[in-house]
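Across the two complexes that follow, chain A remains constant while its partner is chain B and subsequently chain C.
Presenting the complex of A and B:
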């Protein structure tokens, strides 16, 4: 088998939030020495309990926070050593969909404008509106939403706008942080199917962050289990379901409600 | 005993300078010490319903009907500001859907909790801190002191949600309204939430009105369930009525979709929720309904009782 080059590699990543407010300036490692690689068309889920460091990894990969140590490589390039044009490309090719759609949308921009801003400047102005309409349609939102502001949408509607916007730059890697946890059941099903579809059609790879083990089987090839800032184990989804010996992992997948 | 009653409550909000009707003829009553669950598709008006109860409405909203709240044999009219002031954040509190929006970004978590202490001028500093740490403990923080010293933006998604919960229960409300309190929590924390509610229900007879998309939890832990669609309550009854004998086509479709997520192919409900600016004539659900009759496209159905207390707004169930 020819081993392809990883699309994303993380080496010895440590994230430490040492803020002024930190209690007695205690060091708080949110992420401790995490390493893994991701390959094109093999989507990875990072799962683990609340506060274990999942979002901190996502933020580091997106270059939205600076890790204390360790490196992140996208297509072999260290994201902290990219030139302006490389960085520009990186930002288009790696798109986030966050846990909280409210923090992701500018409250003063209409939905149409939010997506328009993300569209490439190469696209003709006359085509943009049609593209925006079809991007929204893709996620189940009609034209009546174009002129609305985020506050006029429900939580689920906002999350769909975020997904539409993320897709607008034709990305390669989507970083999805709890993408469906704010949606209702029917929309969860819709978004899972949508993500499945676009994954194939647009040749996308996902880095999915979730504490909901139920959605993994639909979208994911590999799984990394995190606890207290560390990756406990990582393997293919099927392998993990069948063979994991780790108690924490087993409990996680049982996901029982008592 | 009824704690809360909504009578023919209607709400219109302002969208691009036009009033748009969202909540339509909502009538419901909630019994003391019960867990009451609202379920339904995003955008159907669940959050606006929660906010209406404490009159936290968008500017230029228009409403009609009545919202009545009972506490210690006194009846409060929550649409009247004088009554509302005695109740909001004291006897009734609301946990918002999006915790960040309700937290003060420039105050440390500890100070925010101390601020909600009743008569907080008299208490000593150490007793205030103790109160805050206890409260943080109650919402499952293992390191309350660390959270005490953090700002809200320094919390993870699940931590924010729990911190907002701490603020909401800090005033010892007799009615807690919680809008999707589970969405950022992992399975263990979801359990802790339910345990906490049970505890408060037991020691203080607290009543819960909550919204959730987690139908596993809704089924397991509710006493009564309200199903909303396009601003109406289309079905309501005990949890057994709704989950074991779903009688509105929308409830059936929702539960079907819920089951499909446990299988191999997720199935959504066909079509999209109609926009409030463009509601269909007749039954709001008919564009997506597999059981529609000709009358459905013409006149909206009335409420009918399938069995005692099990109410459905659909022609199929009308006797």
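Presenting the complex of A and C:
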């Protein structure tokens, strides 16, 4: 592994949720003291069974939830201490692709408008349309989709639009939160191939959140195994497949845990 | 606008509502052209005449043409209800969106204010305010607006809270959009359906409120007419001049039904799956 300055570092991250009951409010930990670093061009997958805290980490990295404690550094800067302009730049460089494409697009916006909203305001209006067309072509969608609304697209097409939208800000890090889990088998394969292509062409780094071990070998270099809010082990994918001694990891890769 | 009207036309409820409201607005706006009678001029020689060719809806207790009075009366009833509900809905939406998007303290304070405001009986306050001063359209609009925004605020707050948790708003935040951009590009378009339909429904209930005030004699003062005051006059001899009460009542009921149908139609057609570009 080539060690350079990490693109993303997470130090002692703790995320908890308040569960309200009729008797008392209870703090429930989703992520307990998690630390890891990611390097440019080395994509990482956070894997584990449902409810182990994977998505909470992704949301913390995107600064969409406030962690209880711990820090998240992007290119060496603490994302919770960024100025407005720094935060804006950070947001443009870290883009998410969410699990359910049906909910990830505004139902009242055409595909063109959804992507247009993500484009930088510095780009000339006349250039924006060409950029949108080229972004859609990048993900295998034609111009005929520009004026369509999300409900007129299939699940796979919607996910492609979400990927095109994420790419429109020219990001460095793409956070893929279960990007194929709500798609059918044929669309799953197409989206994996698309992500693989994009990663190579655009020199992107992925932070992949998944409970499906089968897609790891196509997209990522390193794996972190999570259980009950903690990272059990982290290493390169090949090393983990060959040498992991952890029973939970072995069972996970045998597809016994989902 | 033309696209919206075309969509309303394709919806059964919306179509009927639109026809009723358009006809009533047409009669109201073009009242001076549609009738040659004066709404306040008394003619004691033709008191309480039944509907006939010369007086389509008959005459009232002072010999005034009822059709003319209902036409001119609609101007007061409609202008008060349309303007008061517009103010209420705009203010309620503003409060609802701010409440839904802001943190728990602002949200809590605004919602407690809503709870307190809902505790006031608006009809009695309206009567109190009018009886303290004199009736004016302006006073009535202000009081009706002040005590009618809370339901819209609650409704839009709930919708905003739901929208704020949707994945597409999370994506918008992750894109770097600020709160104002999110409000104008995502929240307002997505709640516009329920806001427009609640406006239409609220206008219907405002007409009833205004008629109630005028019926009690606190609204438009004689010899001017509003639908409620015509009903009030009909109270003197409901059976002797049954047509006075009947036609004024029909005017109120038809208008309220029209606004309610239009509101229901708008609620249906402003759902996302009906929203198409062409």
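Keep in mind that, in the parts below, the second predicted complex is superposed on the first by the 245 of 258 C-alpha atoms of A that agree within 3 Å, B and C clash if a C-alpha of one lies under 4 Å from a C-alpha of the other, contacts with A are read in each partner's own complex, and residues count from 1 in each chain.
Keep this in mind: contacts are C-beta pairs under 8 Å (C-beta built on N, C-alpha and C of every residue); 3 or more make two chains touch, one makes a residue touch a chain.
All of these numbers come straight from a predicted model, not from anything done at the bench.
Student: Regarding the shared-chain residue A:165, is it in contact with chain B (first), chain C (second), both, or neither?
Tutor: second
Student: In the overlay, work out which of chain B or chain C sits against more residues of chain A.
Tutor: Comparing chain B with chain C, the partner touching more chain A residues is B.
Student: For A:106, is the partner it touches chain B (first), chain C (second), both, or none of the two (neither)?
Tutor: second
Student: Of the partners chain B and chain C, which touch A:62 in the superposed model: first, second, both, neither?
Tutor: In the superposition, A:62 touches chain C alone.
Student: Could you look at A:91 and tell me whether it touches chain B, chain C, both or neither (first, second, both, neither)?
Tutor: So A:91 only meets chain C here.
Student: Classify the contacts of A:117 with the two partner chains as first (chain B alone), second (chain C alone), both, or neither.
Tutor: In the superposition, A:117 touches chain C alone.
Student: Contacts for A:184 in the overlay, against chain B (first) and chain C (second): which applies, first, second, both or neither?
Tutor: A:184 sits against chain B, while chain C stays out of touch.
Student: Please indicate which partner A:144 is in contact with in the superposed arrangement: first for chain B, second for chain C, both, or neither.
Tutor: first
Student: In the superposed arrangement, what residues of chain A touch both chain B and chain C?
Tutor: Looking at chain A, the two contact sets intersect at 100, 103, 147, 151.
Student: Across the complex, what residues on chain C touch chain A?
Tutor: Result: residues 166-168, 170-177, 185-186, 189-190, 272-273, 275-277 of chain C touch chain A.
Student: Okay, in this complex, where on chain A does chain C touch?
Tutor: For chain A paired with chain C, touching residues are 62, 64, 87-88, 91-92, 94-96, 98, 100, 103-110, 117-118, 147, 149, 151, 162, 165, 169.
Student: Quick check: in the complex, which residue numbers of chain A touch chain B?
Tutor: My answer: residues 17, 19, 21-23, 26, 28, 48-51, 55, 99-100, 102-103, 140-142, 144, 147-148, 151-157, 178, 181-190, 192-193, 211, 214-215, 217-218, 252, 255-258.
Student: Considering only the defined contacts, which chain B positions touch chain A in the complex?
Tutor: My answer: residues 15-16, 39-44, 47, 58, 97-98, 100-101, 108, 145-146, 148-151, 154, 156-159, 180, 183-191, 213, 215-217, 220, 253-254, 257-258, 260-262, 264, 266-269, 272, 275, 277-278.
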